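A, B, C and D label the chains in the order they appear, each numbered from 1.
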Amino acid sequence: MTENVLSNYVGGQWVESRSSEARQVVNPATAEVLARVPLSADEEVRDAIAAAGAAYPAWRRTPPPVRARCLYKLKDRIARDFEALARLLVREHGKTIAEARGEMQRTLECVEVACGVPSLMMGYNAEDIAPGIDEYALVQPLGAFACIAPFNFPAMVPFWFLPFAVACGDTYVVKPSPETPCSQVKLFELMDEVGFQPGVVNLVHGGAQAAQVLMTSPDVAGVSFVGSSKIARVVYRTCAGTGMRVQAQGAAKNYLLVMPDADLDTAVPNIIGSVYGCTGQRCLAGAVVLACEQTCEGLTQRLLEAANALRVGYGLDEDTDMGPLESQAKMENVLNWIERGITEGARLLLDGRAIKVEGFEDGYFVGPMAFDGVSAEMAIANEEVFGPVMAILRVRDFEEALDIIAANPYGNASSIYTSSGSHAREFRYRVECGNIGINVGVAAPVPYFPFGGMKESFFGDLHGQGQDAIRFFTDRKVVIERWP
Amino acid sequence: MTENVLSNYVGGQWVESRSSEARQVVNPATAEVLARVPLSADEEVRDAIAAAGAAYPAWRRTPPPVRARCLYKLKDRIARDFEALARLLVREHGKTIAEARGEMQRTLECVEVACGVPSLMMGYNAEDIAPGIDEYALVQPLGAFACIAPFNFPAMVPFWFLPFAVACGDTYVVKPSPETPCSQVKLFELMDEVGFQPGVVNLVHGGAQAAQVLMTSPDVAGVSFVGSSKIARVVYRTCAGTGMRVQAQGAAKNYLLVMPDADLDTAVPNIIGSVYGCTGQRCLAGAVVLACEQTCEGLTQRLLEAANALRVGYGLDEDTDMGPLESQAKMENVLNWIERGITEGARLLLDGRAIKVEGFEDGYFVGPMAFDGVSAEMAIANEEVFGPVMAILRVRDFEEALDIIAANPYGNASSIYTSSGSHAREFRYRVECGNIGINVGVAAPVPYFPFGGMKESFFGDLHGQGQDAIRFFTDRKVVIERWP
Amino acid sequence: MTENVLSNYVGGQWVESRSSEARQVVNPATAEVLARVPLSADEEVRDAIAAAGAAYPAWRRTPPPVRARCLYKLKDRIARDFEALARLLVREHGKTIAEARGEMQRTLECVEVACGVPSLMMGYNAEDIAPGIDEYALVQPLGAFACIAPFNFPAMVPFWFLPFAVACGDTYVVKPSPETPCSQVKLFELMDEVGFQPGVVNLVHGGAQAAQVLMTSPDVAGVSFVGSSKIARVVYRTCAGTGMRVQAQGAAKNYLLVMPDADLDTAVPNIIGSVYGCTGQRCLAGAVVLACEQTCEGLTQRLLEAANALRVGYGLDEDTDMGPLESQAKMENVLNWIERGITEGARLLLDGRAIKVEGFEDGYFVGPMAFDGVSAEMAIANEEVFGPVMAILRVRDFEEALDIIAANPYGNASSIYTSSGSHAREFRYRVECGNIGINVGVAAPVPYFPFGGMKESFFGDLHGQGQDAIRFFTDRKVVIERWP
Amino acid sequence: MTENVLSNYVGGQWVESRSSEARQVVNPATAEVLARVPLSADEEVRDAIAAAGAAYPAWRRTPPPVRARCLYKLKDRIARDFEALARLLVREHGKTIAEARGEMQRTLECVEVACGVPSLMMGYNAEDIAPGIDEYALVQPLGAFACIAPFNFPAMVPFWFLPFAVACGDTYVVKPSPETPCSQVKLFELMDEVGFQPGVVNLVHGGAQAAQVLMTSPDVAGVSFVGSSKIARVVYRTCAGTGMRVQAQGAAKNYLLVMPDADLDTAVPNIIGSVYGCTGQRCLAGAVVLACEQTCEGLTQRLLEAANALRVGYGLDEDTDMGPLESQAKMENVLNWIERGITEGARLLLDGRAIKVEGFEDGYFVGPMAFDGVSAEMAIANEEVFGPVMAILRVRDFEEALDIIAANPYGNASSIYTSSGSHAREFRYRVECGNIGINVGVAAPVPYFPFGGMKESFFGDLHGQGQDAIRFFTDRKVVIERWP
């Protein structure tokens, strides 16, 4: 990572891009330029696909336990360079070092789960479907897959897919976000060290055009995407138009319902973590607190106090609770949302717009912000802000809360804070969100489970991570066998 | 089925279509008109979707074992009316009564498998993903699904999906092929009798426009399609464009490789059954016999004799081995393919074009046909004919045969005839087809298994039938739970 | 059931026992003799085993879907004769008609689950455990199994095993309790009607000696037992001594913990049903109510009122809430327990000893009984009574309650009544019982799940019902395959 | 391993035995004493059980992924000390260094599989078994388990169990064979280094008396045993008598059927490896070659030549093909078997009794031996020899071979050498052995699969390794939940 210009990793080699187009990768706390990232030419993307395709036949024939051993090694390398990776994440993205460690931990865990592939990708079989005739489903890989990654979890998101894909015998191309490509480059350095067969894993930098090449290539077996719902829709349609497999995760507007019987001592810090963690830039961030009337005053007070106490600063300071937004454009977008909320009539109880972080005057910082008096019709209650903004929406009761959640087009995550088994059951049963938290504000599935998503938050049928990932990256080939 | 005009079945009621557009359903052996089938207006399709949507909340809350009990009843009714259904199939489609019984048997079996839904749709759970925190995946239904069905297995194909969907708690809309809608109507009469909650299952007649309404409705959770590859591609893209789930099964060109060590006594009748069964109108029909040089002469001779011995006639005659093609257009298409094969240089060893079936002079009959001297480049070796035409293509050895199969764009089914465990293993390992037969010419998975398909023969990731169907019709909602 | 002397069913034939020993089957409400049941000679038991052994090879080769079809038919027959079976149950056992219907419903459901065997008994497979070497586990049956059944659920308990065993391809011998053999005879009449291959299912009457023959026969692949813990221990040791598989379910002492936040409106009738249902003669019966101090007075009052309101009478009267005990000996045993409880110092708040049921003066009736002031050390709090006796034991709090449950040697079932998700989680996490009820007093697993049991309540590792049953009745044969 | 006297490992501490009884561990190639191993007093065994019991509650509450991380570390340590472990194995047991590496590799793989425990030990769940009532099976550990290990795979066999048990949250006591305890001591040094919670893993040295204490302790949840069938029967009965879980793997007599269509170029070395590998001291060793008449002469000739070419010597010499027997007693037992074979009338074609290995005159060496003219009735064809002795038994055909295998009381493993898919299918379908090789002479399941065993070769229902191990070490607790 000492060189300024990031390279692609294709066919087991670091390759300098021939493209003249590039972007700057900027540390959002300092506005310092960390690297230049090329926007690879179409031909370069096709090279990566071709390398993955060429590596497939031999990799597919490599026994699953042997493939898993590459992942064991990768796991060890990630553990070895854990802290360096976390610090790099802070610098390219702005999140706090604690958040970066959390991201790296989850990245590591995805590799751990994929290490279990020999158990996870087993087929199934039946003797005597008719006398003397046996039938079995073989679980086999499919070819070269690709991931189009978002900026917000630059290390982790590709690892919802890549370890599972290569464990299954597929080969892979990652296109990181051009905003935050550095940690993925570092991870590929580790993969290079581990010694995957050349072409099994490939990295190609680029933007929308590179994504387009991946999505329209007849040589790509499938694409995994994480980003906005608008783009997710396009990805879903485009990849399907090419005829490939596709899973596309979109945006979110996550509700946190606080029932009168919630234990506020644990709920309040948990909500604060959900709303302001990663500066609100995660698809599992709590966005709207649905506060039941009986509990509302005390809750609001405590939330504001806790939000107010958050230390905004450079992520590499261990004391920092909240880092900057990832870019100037993202900061401006958040500020626009604040304007819009005010215009809509919400009361801005906590205004972090004017924050200054000493020594980091060029950073894209905003402080924690909170609206009260939000109503269900406001855009601020319905659209993704992707910033540290809490909307408090008072509801009469459980049923009104569920109606509001049901009316929202997104279905990524929702949480309830309660001590009632009954309300917890109804909530998980009825709320159409893929990830449900019960007294848990960030319902992030451990990677032994799929990462859920419904409605406008997910397009496809098989999710990332867990058994879903294994199925997405394999096919079930059915064999009927008779021996005369 | 005594009435002339077929009705839609919507919301638990038989509803006469208000559409003025209609088609005739014709018995292809007699050219007699069996019924008029309406091409429902968009609004009528939307009514069916709406009925399914309205039925969903209560049906979803019906316990799976109770839902299964509706299917047990349906199974009993199908068994009761088995012969009547089979005879109806013969009349609307032309297949032989034995083939029709086979189709009904498989239809029944799909219901049987779906009866096991309480075991099949279980979620999974883990305690203590972190101390005191549990995580579990709930398997829940999604809403109203639809099937766009082909003409060739009018009873069975919708049942690759419908029983699984309703077992899972989804509701359903079937749009049968307007060419062969009658047996599906009869099956809906049985479902009506069984007493599903109104709106759980719906039937709407129509053609491409009705399909379009289904594929573009935001109220449809997913579509299952079976048809040509060209249309399957469109379906896949269109449904994805709407944002729904989709699985689209396309065409096929299935190769039957006969190794020198094959047991011809069993292989020859099996091949004949594969090629000429259902008059070649099935996606698992053997189309090209890859004959290894050493075995070729004897094999060709025996195949021709066996093909020549097939009795062509009305399907309701128990003696008939092969019925007519399903329509005049389909007959003409097959005849065109014969012309094309001849033009390409293949030798037509068996010419069934001039066949006359006494008493059925108006029927769309052709006799069994066979080309020898087919080479890998000819269209007749590569494109789906969907008729009783065998192409014999001589290959040097196993490897050449696998190269030819690999070069074909379709990946539905392929079979090998051999006594060698080694060749069988290599074949199933390497051939990119979803359904592999080893000494089995029609590799039709029992419905406990998915119905495979690869390359241009399938678009999507989860197949019909078996555990794949359960996953297609459900989502995995992840819950993370902590109790402070 | 019109004949007086019950026959064995061996090798597809009803066979009169040659034994001179016999017992009377008595209707416990009327003391009327229903039938004479022979205590079959050792040779007759061996005949049944031999018949099962002889039937095994062909039955094992019968395709699972075909085997399942026998079960579908059996299911239909049970449904057809449902009411007659339920009434017979009442007459031979004494339970109420509603309870008998419940038992028959569960019996039916066991058959339903076993119908799903083609999905449930699949093996699993992996390609390329080393290059070119494949490995798979075939799931295959084992031979002739047997069940030694208890008196209390004469129809159902053998069906926790038999349908699963025969679905898996094993053959079976049932030895019913000689106290209540009649409904099982009737079920075998239905199995005879269904047309299982001769010898697949066999019924042999007898007592301890017949059981001994089954347990020590080298031709029995495994035994399933349900009864007392003392005998279960002997069964476990004896069968293991023979070298066979064995699962032995024993006695129970089930605690019902009522937390202060329980909803008493639903809890009270649920507790009453648990304690007094089946006159307390079931292994899932609630025996000790652990009443938290805060809630104790009100709860006790309401429980007594509800118990007091139960109508004791003949089970065939639809109005009856509680029938007699199953035999005079069992009645005397219960009365002894009452004496013992009084001697130990518990207060008998509800005394049903002197009850008279008009018109049924010879029946083995007792009324509902309840002790208060029970302490953890008393035998009445620790040992199984198997009668309609509630012991109320006051506890300080949740932790004391869990300590009491932990100290008990049995581990069959326990329930908690609470509205707290937290207490529910701790309870299910920590209580060492196989069946846990959360606001459910009779935690009887639906047969898609195993019927749990821990500590002295179960000996073995695989339970009855569900996936456990499938595994108990099959072996996993591992094949490693290479083709040079 | 530098100290002379081996210690127990109890509660996280190396503890010197207070027992005065001890045995010598001898290098069988040199007769040099490697160590003294104590035969621990009953009290010491109970200490180990108590330590495991005390560690259980906290270990059980440790999240599965965290438990798995201990195993990941252990895996890394084993990999680090791989060669030292292998060399130690050679010294304590006599096997060749290549065989020792194979054993260590498999030991390592067992740990790898257990690392996947968070996926493998998931429970399952169903919503709405009745309206509003949910049911789920929690998979939970049970307590302290123990292994009584054999001498022949001193490192590996305890690892068929221990990693799975501790992964599942159980704690463990290993009693190694007192003949070969050293490598297990070394593995416990690695476990000590890894930092399991004290008491999670324990090692106690001893012989039959120590085993007796383990098998009769009420504080042991279950025992896994591998050894002779005679002792396995006793273990099964004894543990069952205590009421605990038990799986007991016994002896073997494995047949290798060579069909006329076998590829002898691959079969011959494979058979030689199976028969003479580990000097015949493994339960998967091929013992009887069933040679089809047509192929017999050539096969016998080639087998003898290949056997004759084996270099017998010290296992630490890389050139050695076959090491000594493990002890003088075992050598004498083998020599007695040779006498017996001769007496029975078999022809000793290859006589390794007089072999001398230069420089290792005190070692327990015999050379490869082979009998021809063996008939099915001879003891040499039916009983386990556990030495490098091949019995060649000529059979007419496939059916006679299967009859001979069926008549043998053991059911551990059998292999067929053939190119015929048909014979392979019949063989795996019909042969009652738990481990089947198709062109594979040592059918050792990779640890993702259970290690099979039938008839006298296995007592119990769940096997070691794979999903069976997970089930053996956990219970399925069923919860039924309703929220009023």
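We take it that a contact is a pair of C-beta atoms (placed from the backbone, for glycine too) under 8 Å apart; a residue touches a chain by one contact, two chains touch by 3 or more.
Model, not experiment: these values are computed from the prediction.
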Pair with more cross-chain C-beta pairs in contact, given A-D and C-D: C-D
Most distant chain from subunit D by Cα centroid: B
Inter-chain centre distance, subunit C versus subunit D - centres from mean C-alpha coordinates, in Å: 38
Length of the line joining the C-alpha centres of subunit B and subunit D, rounded to whole Å: 49
Intercentroid distance (Cα basis), subunit D paired with subunit A, Å: 45
Contacts with two or more other chains, residues of subunit C listed in rising order: 65, 118, 122, 126-127, 129, 138, 419-422, 424, 429, 438, 446, 448, 481, 483-484
Subunit B to subunit D touching residues, read off their complex: 61-65, 118, 121-131, 136, 138-140, 418-422, 424, 438
For the subunit C and subunit D complex, residues of the former touching the latter: 126, 129, 133, 135, 137-138, 222, 233, 236-237, 239-241, 243, 245-246, 263, 265-267, 419, 424, 428-429, 433-440, 443-446, 448-452, 454, 456, 459-463, 466, 468, 471-472, 475-484
Interface residues, subunit D side, partner subunit A - complex: 65, 68, 72, 75-76, 109, 112-113, 115-116, 118-120, 122, 127, 134, 420-422, 425-426, 429, 446, 448, 467, 481, 483-484
